[in-house]
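Residue numbering begins at 1 within each chain, and the chains themselves are lettered A, B, C and D in the order written.
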């Protein structure tokens, strides 16, 4: 098979590392370019020592023409605002983009401005970009040129709530998402809050009421079923572990509902999905860590519905779903190189 | 000062170890007896290597007369059902009891039977035992002969909710307590779920809808303000760390309320309390780990009240509050030996 | 390609889980049988929740004839002494064996008896089993019917020392191997020493002077170069992490030697090896965790040679090298399904 | 008792925090001043949230006269080179100094320059400063005006080796100290190597052959017994935990020696020491974590002596021993406020 060239734009972070690792085992693509803002043009195995002996490619500075020459698809693993500065140039040169930043996830530029504190400089493309969650938008992903790859908390939250919202079973306000994430979700830049002796053996909430995944969750759930406003109270917590997100979701059913029926609904909703596992038991993050699975279960407690959703924030929450999107865009089996 | 003799009944667990450690620095008491169900009469520093060089006392088998001879106050750090088998004998011999098990916390023996799966064999004392949470029941603790020392999750939850319930500010049903605990809360017996390679780097919920601290939280909050039923949805999670509980609590205010007013209410409610710290910032468990503090803050998000409560499950959640109770019972300054 | 049937005998442990996970991605084999000593014939995804959705095979009790009917190669992931009870029956029925226990690693049954405390019941096969470390014994592995798959500490130690011993550069006594391992190396059975609150946030040495990997390391290094006795002082330590071994090795060179020359020697010795990476930098276990690599570097400090060797105890130290051996036995590319 | 005023110069780090915590429970001293190089004059409980409710003192910029007015003893918890810039001014104003940096530990300014890369600007005081390890230099500490408080690795190493060196039992070259430390030993400044997702679940050696505690260990051990050069090979490792050092020490006895005799020697050598525990069992760091104890045991393996030494790097390795020194300097019982 002739391999498709792909580029990693912004190769130094954890999601980029996972992406490279997965792509090295992908039979249909080859990494032809990688960029980094560091001056020294580091090799990928210098940025990521775990890749020693696996790839010798050196990073280059970003140049849209050069990337477009080498790659039919570019993964952007950049901070928000950095993506929207370069997406237009890539698309104009014919390179399709899977953007792991938040820049092309929100449809409304004013919502972007409100939550990210920046004016969106490419608002025209917000309506044509496709939200890259295959379980909900598979049909549109294959032909898309620009994918807004979902956030990690958002995938866990949306996959957990989509059956309930989709079937119109719950009240659309007052939905509580108490989410917990390993520290790799905070990125690779050393900061006091992620200094080992600070966050090890500790547990805290952060960004209460103002985490940026809030409007993303709400927008997509409103897409799942258009039925007026939908509002979540999203509380992220930092957990002393590398990987994994667990979202504990509390929703009010419109009418009393049975736990077994709910479980059956979830099984039916995700029937045939290669990467969603509906479980009887309560998922532990470890069982999906290192994989592209999202594990889900559902309970009824004193009349409230509890959904518990777990995934690996760097894989199903970032690099793995990006490869799912890649596979769909290339017409390959969706689970190629993923497990 | 003539030191009061105290006994540790059930000396092998983590709460007992913390208790011994604290009491070794207490100027007013001396540990005169310790018991263990192990046949070999281990020394305390064999049970707990960290105590090497600090105490040489050997455990004995439990005998009510012998304990009563040696100790004016006995701490019981036994599994539930084991406490109620020996409390009557101790009290009859004049030894006052601080029971760290759940046996004397619930007032209604049928609730005990329902949640603990055992008939209570000493139901007559349930109404006279005092719930050992000094912030709420200080006045009754000093003269009590039998203290039901609170559970770890319950203290975090009750201290977080008491101002709201006490002032009648929130709806009394649908209260969500999403609680997270370090693994020491599960005790010292090795079990698969607490085997290091199982729970390290993992995160899960457990006991969803059926954790035994649920009725305890509800009973005490109903005591705080008698106003009909009160119902919580309590979801505990296991966190890969030794110590600490964080409870994230979601409550519906009866009428809209301002965050600053709430914070002021909490400050006022806990004014002068030596071991409750009302904070502006969101507490991290590490900041109360190893101490007897409960750290609290409060937020309003989309109309819901969020309370975040943190404490060390083995200290403020067990051994530390037990020493608070001891101090009150002996008429000593409440914070003696505690920090 | 017609897939070769393989069996997992003893499927409940961590090495078995990793083996199953790797084999599920192997294009040349299929798992046709698995056994467990549990009565209930659990499915593999019940034993290992992470395998949900990936394999539905149920375990059976061990029966040599049934296994031999289904599998051309059997992986034995059993405790020591359990393997030697069943290897003869499998070999006699034509099934080749890769034994992950220690039963077929030591050539001398009296050494086995001394260190393992059991008489070896199949001593006749000790001389014909092949030690499954491909970097040293590749030529003999392909045609072997019985592989003694190496221990985790031993692979790290032997790969670290083989170039020095092979070239006759160091004194053969007084070699110090100060080794550190994550807790998964201790197996899946809950025991006090591996209870999370005991080993988390702690560090200790164990088995000082009497760990069973000692004679295995010595035997193989004596095979590397026959030149009289060879003696190591092997000190294992338990590290609060899941995975990874780091061996810090101290050896006395016979004559002064230069660090650059040593590094060149290591590079030359492991030239072309797919799973040994000789590095300038000091390896961190995380960089080989989840992979089949052994990372090595070498230093000279005050006249002593230091070798630092790192690998994933469950992969390069167990399941991964077992698949390397499988590939060699089947005539497949050695790195099939491994990375 | 009239309390002695003490100052914390450099209050923002972990050792300073532990020091403050210990001093808050000290009956004989009161913290009258604290300094920080931060512009905003933070309060101590802003620097260290765990101190909330315990002390309200605000930091000031350093001014020797002001500190000397307020404090009879100053603890310096500054980076190396910063201490020697201010020690002269404090001493001249009559304030005694306990310096937790390395500036006054090495006697030879050229050794300081070689290992620390700075010319010592106060070389004249190197000969009069006293090395603050009470177990070896108690007699000189009481009357000292300037204490060089020992390094964390050095205390573990020196206490482990002093009996052997003191009795002249071992070869004085080729001593191997394979040391392992929790991450708090690296300080509080966020750096890539201590970013949680980098060092969690990982293990590595660092500073091989060039760690600055090497000459300190050698100098003090040569003081213990003057008998020509003494040379150690010191290899530190970073362990994914907050606290604790374990040093595994390998030494060659001059003549064969029995393990029981060695243990007896250690017991005799440390007879009456309040903070050294000589144990039969192998120490785990957790058992001394949070305490001022150094735990030691000794083994003989294949003719080599192994010493295993454990302590809490922030307490016995820094703040705790500093308080031991304080107590000696004030003529108080040495274990005041320590356990």
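Assume a residue touches a chain if its C-beta (ideal position, glycine included) is under 8 Å from a C-beta of that chain, and two chains touch if they have at least 3 such contacts.
Quantities reported herein were computed from a predicted structural model and do not represent experimental measurements.
Chain pair with the larger contact count among A-C and C-D is C-D, by C-beta pairs in contact. Averaging C-alpha coordinates per chain and comparing to chain A, the farthest chain turns out to be D. Averaged Cα coordinates give chain A a centre that lies 36 Å from the centre of chain C.
If you average the CA atoms of chain C and of chain D, the two centres end up 40 Å from each other. Listed for chain A are residues 182, 200-201, 240-242, 284, 286-287, 289, each touching two or more other chains.
Those residues of chain C whose C-beta lies close enough to touch chain B in the complex are 14, 182-184, 188-192, 194-201, 240-242. Interface residues of chain C, counted against chain D in their complex, comprise 173-174, 176, 178, 180, 182, 198, 200-206, 208-209, 231, 233, 235, 237, 239-244, 246, 248, 250, 252, 282-287, 289, 299-302, 304, 306, 308, 310. Note for the complex: chain A touches chain C at residues 24-25, 49-50, 52-54, 201, 277, 279, 281, 284, 286-291, 293, 295, 339.
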